[in-house]
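So the structure is just underneath, and the comments pick up after that.
As written, the chain order gives the labels A, B, C and D, with residue 1 at the start of each chain.
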Amino acid sequence: MPRPPADLDRRATTRTEVDRWQTALTSIAPNSILIRGYPVDEMMGRLSFADAVYLLLMGELPTPAIGRMLNAILVSSLDHGVTPPSTLAARNVATSGAPLKDSVASGILAFGPHHGGDIESCMRFLDAALTIMRAGASIDEAANRAVLDYLSEGQAPPGFGHRFHTRDPRASRLFQLALELELEGEHVRMIRAVERELAAREATLERSLPVNVDGAIAAISADLGFDYDLGNAIFLISRLPGLIAHAHEERARQAPMRQIDPKDHDYDGSGPRRLPGGPGINQR
Amino acid sequence: MPRPPADLDRRATTRTEVDRWQTALTSIAPNSILIRGYPVDEMMGRLSFADAVYLLLMGELPTPAIGRMLNAILVSSLDHGVTPPSTLAARNVATSGAPLKDSVASGILAFGPHHGGDIESCMRFLDAALTIMRAGASIDEAANRAVLDYLSEGQAPPGFGHRFHTRDPRASRLFQLALELELEGEHVRMIRAVERELAAREATLERSLPVNVDGAIAAISADLGFDYDLGNAIFLISRLPGLIAHAHEERARQAPMRQIDPKDHDYDGSGPRRLPGGPGINQR
Amino acid sequence: MPRPPADLDRRATTRTEVDRWQTALTSIAPNSILIRGYPVDEMMGRLSFADAVYLLLMGELPTPAIGRMLNAILVSSLDHGVTPPSTLAARNVATSGAPLKDSVASGILAFGPHHGGDIESCMRFLDAALTIMRAGASIDEAANRAVLDYLSEGQAPPGFGHRFHTRDPRASRLFQLALELELEGEHVRMIRAVERELAAREATLERSLPVNVDGAIAAISADLGFDYDLGNAIFLISRLPGLIAHAHEERARQAPMRQIDPKDHDYDGSGPRRLPGGPGINQR
Amino acid sequence: MPRPPADLDRRATTRTEVDRWQTALTSIAPNSILIRGYPVDEMMGRLSFADAVYLLLMGELPTPAIGRMLNAILVSSLDHGVTPPSTLAARNVATSGAPLKDSVASGILAFGPHHGGDIESCMRFLDAALTIMRAGASIDEAANRAVLDYLSEGQAPPGFGHRFHTRDPRASRLFQLALELELEGEHVRMIRAVERELAAREATLERSLPVNVDGAIAAISADLGFDYDLGNAIFLISRLPGLIAHAHEERARQAPMRQIDPKDHDYDGSGPRRLPGGPGINQR
């Protein structure tokens, strides 16, 4: 039998430091789990899930304001009904009788450039515009130039425009919270400038390009210091329960091996209702 | 060309109600997104992500106690270091240069029967034991009989035993919170009875089989009324950020196309630390 | 920092044989790749892909007859148009702009119990019937009893019945080839007996349950000695190019982020045609 | 309840042609399956799987030479032992007890830019070089300039270099077959020119960059007229049985939930052997 190549054959050699690799996330010991140094059992009951997610991804505890902001961001994209491709991929896997986790994995694979991936593109777009500004242009001039790169190619900038919504209620609410929580930064200021720029061109464009929830998440996440690929990851955490809920409903309410037409559905759930206590209710 | 079969050919026919299907999760209209009837923009900033997840999956708002419990459950399984198969699958996909979402989908596929899937098995195990009890047996007698079914085949009951931990700190903390929040129900009482049963047999078994985090999540989720497959789904939501953090760290800190040995890693992150404010800190 | 558990800490210890694990598939050395002992470069140009697949999965070269049979099995399930859930999952991922491999992975996840998974169930069903026969029953009696287990629960046995086809042309052709190539074995004889059994009951059942392509693949694969899970794997290899072709066509011909209705498609490809040379053409 | 947006509400409207979409791959009618116009049952037993794959992807039957070439390409990348990230991802999913198809889907997700994805990059690289040539440069001058773009950034051009092999036996064999079968085209000629270019620089580069199997598949597939993303798809079809074999072996031979170290394996399969009949054997 052929001898394996040197770097595959460990028998003759002893382990050296070069073999070792590092991780800074979680340390495990018998009966001890430390996430970024904090005992997970101490975190339980004292940090919200969103706080713990921030700690794991960013390495430090969030301020109360950042914790509230991240909770709101995660709630914003929880679900968008049956028509997104990710939901339809998950339901088509569910109708084959596959386990729920397979439906969910399939839905995640549908978070392509046109669906969720827009967050990363928008973060890069805003950084490009900010670079123009740092080079001496005013914020409106920078927004104007950044927008032209897309419009000249007949494209909308990432984070703007929506299939259904002419005014995305999630985006407006996220910006309102960023303002209230005093978390607005240069990325939010730039995306508002881009918004004004596009509004001014609405007549010439013969189409409205409002900022959408991806754009709002992109700007706020960038101001919070998230890396580009973590921007997309936030959407992934937010939408996962939606994929689960649709896969679960498909299994529970529909016959297997059906032909799923996204246009032929009716909503038969709870009618419109308000949260108890009205706008004044305390954040838990 | 062959005529498509009748049920594939829509041209000749008009749509009938039989084509339509129902969903009760989310209703979408221009500039309006209602999740279980509540406007998502009203939920943002007022519900924690865990509260919103409960609403989407269960159909109603959680009580404050249930909201705190679910936050703690989601925090409990956030990450378990580099050695779980799901983490290694995600890192092996990341080292190939694939996008982050592909790493995450791959990790989710590794939540097999031996890894996460235990939650559903344990929920079924506890219901089987409760059925024995309802048939007239005492809780200890029912636990005894349910346990024997597994031990007689040389297996541990689902939700008991752990590769590393002789006392799973996450399980203890979850049960403590369920007690404090007065959310203990028959499934928690039954799993504690099973725990006592196994402890009593420790000498004969020559091995300790402590309840693990999967068992605690299974018992508490069952008492909260979650369906079996949603029990696994809760673990999935909880661990997703861990998969994201490992895929992100692999991309950021390691060379591509490396050979990942789960045993050759060192932890180089923050040393042990305590949450600010000590045990008394308020839950956000 | 907490000490990692003993079995995670390799520094203090030296590698022992217990760490090592075995594989019998392929051995790699510099400039040498041996699959089951054969140089892959020697296999290239001299074995068909199907022959090489058989060698890799089964460990030995196929006979010419088995090679032809496996080529035919792999061709049989190459594609089934746009309506299978796996194809729709793949197309929904493609419309999001995700890479082709993500569409394909998503399609594979839709090979659930009701779609492809039938092959394994049918292999188990036929072995159960053969066990009854070996216990002394005649083949028809064994088929009769095995069928009753399903019919008594209002179910069709795995491998029988089809959404569109009353006589599955792929199944007939596979059985014809198994006969010509003298590869018929006890599993094929049993499935034919089950077929007769169900045909005899057609009047009472008020429905026709012809053997389908999954049933034919199951019976022939079992006679060829494939394990249960490899039976499903054969379908997977066969359908993969179909998933690729649909993902590729979706990307090439359709607008992104469209709503895919499986019922609203038209076929605009080549009209019906015959293979050159008629039935006598030589198999390559 | 809110009215769904107009384009979601089908009740009021009747189906129009605008709703319909086209596919040119396969037409399904009761008891009839036509792939690119050919009855699949007529293809079975008369076309090799590789021939049928070519028909499905390219729309027409391959010539005998192209059929042999594609069989060889598909055999070339069948498996590469346990160390590729895709194989390790598949094995890590298998060790969790997940179904075989989940292991396979996970492995496919690991075909990232650094692993398999090189084929598409190399096809684009060769077309760029050919564009330079068509603009008037000699083939060697074009190869020289194309190579410099990569070397100047300290990178190897896609399709060149290998972790283990200094001379990839699969690449040599593929080029030999392309020559024998008279299928060499401008992409093969260009990659040979690039090979010469890199060989000439070996001393200065202080490293050998031989053409690898991805490069050979890229050049030959491009000459056969495959689209860029179908180049990667060919690798995917070729490696799928390898992923299946490793997932199957992991399930059959290893304990669940093990820690998989890619460096600690031994090969215990068949020793080196030759194909029967020597080099003269007829291709089936």
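Note that in this section a residue touches a chain if its C-beta (ideal position, glycine included) is under 8 Å from a C-beta of that chain, and two chains touch if they have at least 3 such contacts.
This one's a predicted model, so the numbers in the text were calculated from it and none came from an experiment.
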_Contact-graph separation of subunit B and subunit D, given in steps at minimum_ = 1
_Using only Cα atoms to place each chain's centre, name the chain farthest from subunit A._
C
*Copies subunit C and subunit D touch via same or different residues, half shared test*: same
*asked:* Can you work out the whole-Å distance between the CA centroids of subunit A and subunit C?
replied: 37
*Indicate the whole-number Å distance between the mean C-alpha point of subunit B and the mean C-alpha point of subunit C.*
32
*List the centre-to-centre spacing of subunit C and subunit D in whole Å, with centres computed as mean CA coordinates.*
21
*Would you pick out the residues of subunit C that each touch at least 2 other chains?*
1-2, 4-5, 8, 10, 15, 27-30, 32, 34, 83, 99, 102, 105-106, 109, 111, 164, 260-261, 263-264, 267, 271-272
*Touch list for subunit C against partner subunit A, complex*: 1-5, 8, 10-11, 14-15, 27-30, 32, 34, 83, 85-86, 88-89, 92-93, 95-99, 102-103, 105-106, 109-117, 163, 256-257, 259-264
*If you look only at subunit C, which of its residues touch subunit D in the complex?*
15, 19-53, 56-57, 59, 61, 64, 67-68, 71-72, 74-76, 78-83, 99-102, 104-106, 108-109, 111, 164-170, 172-174, 177, 227, 229-230, 232-233, 236-238, 240-242, 244-246, 248-249, 251-254, 258, 260-261, 264-276, 279, 281, 283-284
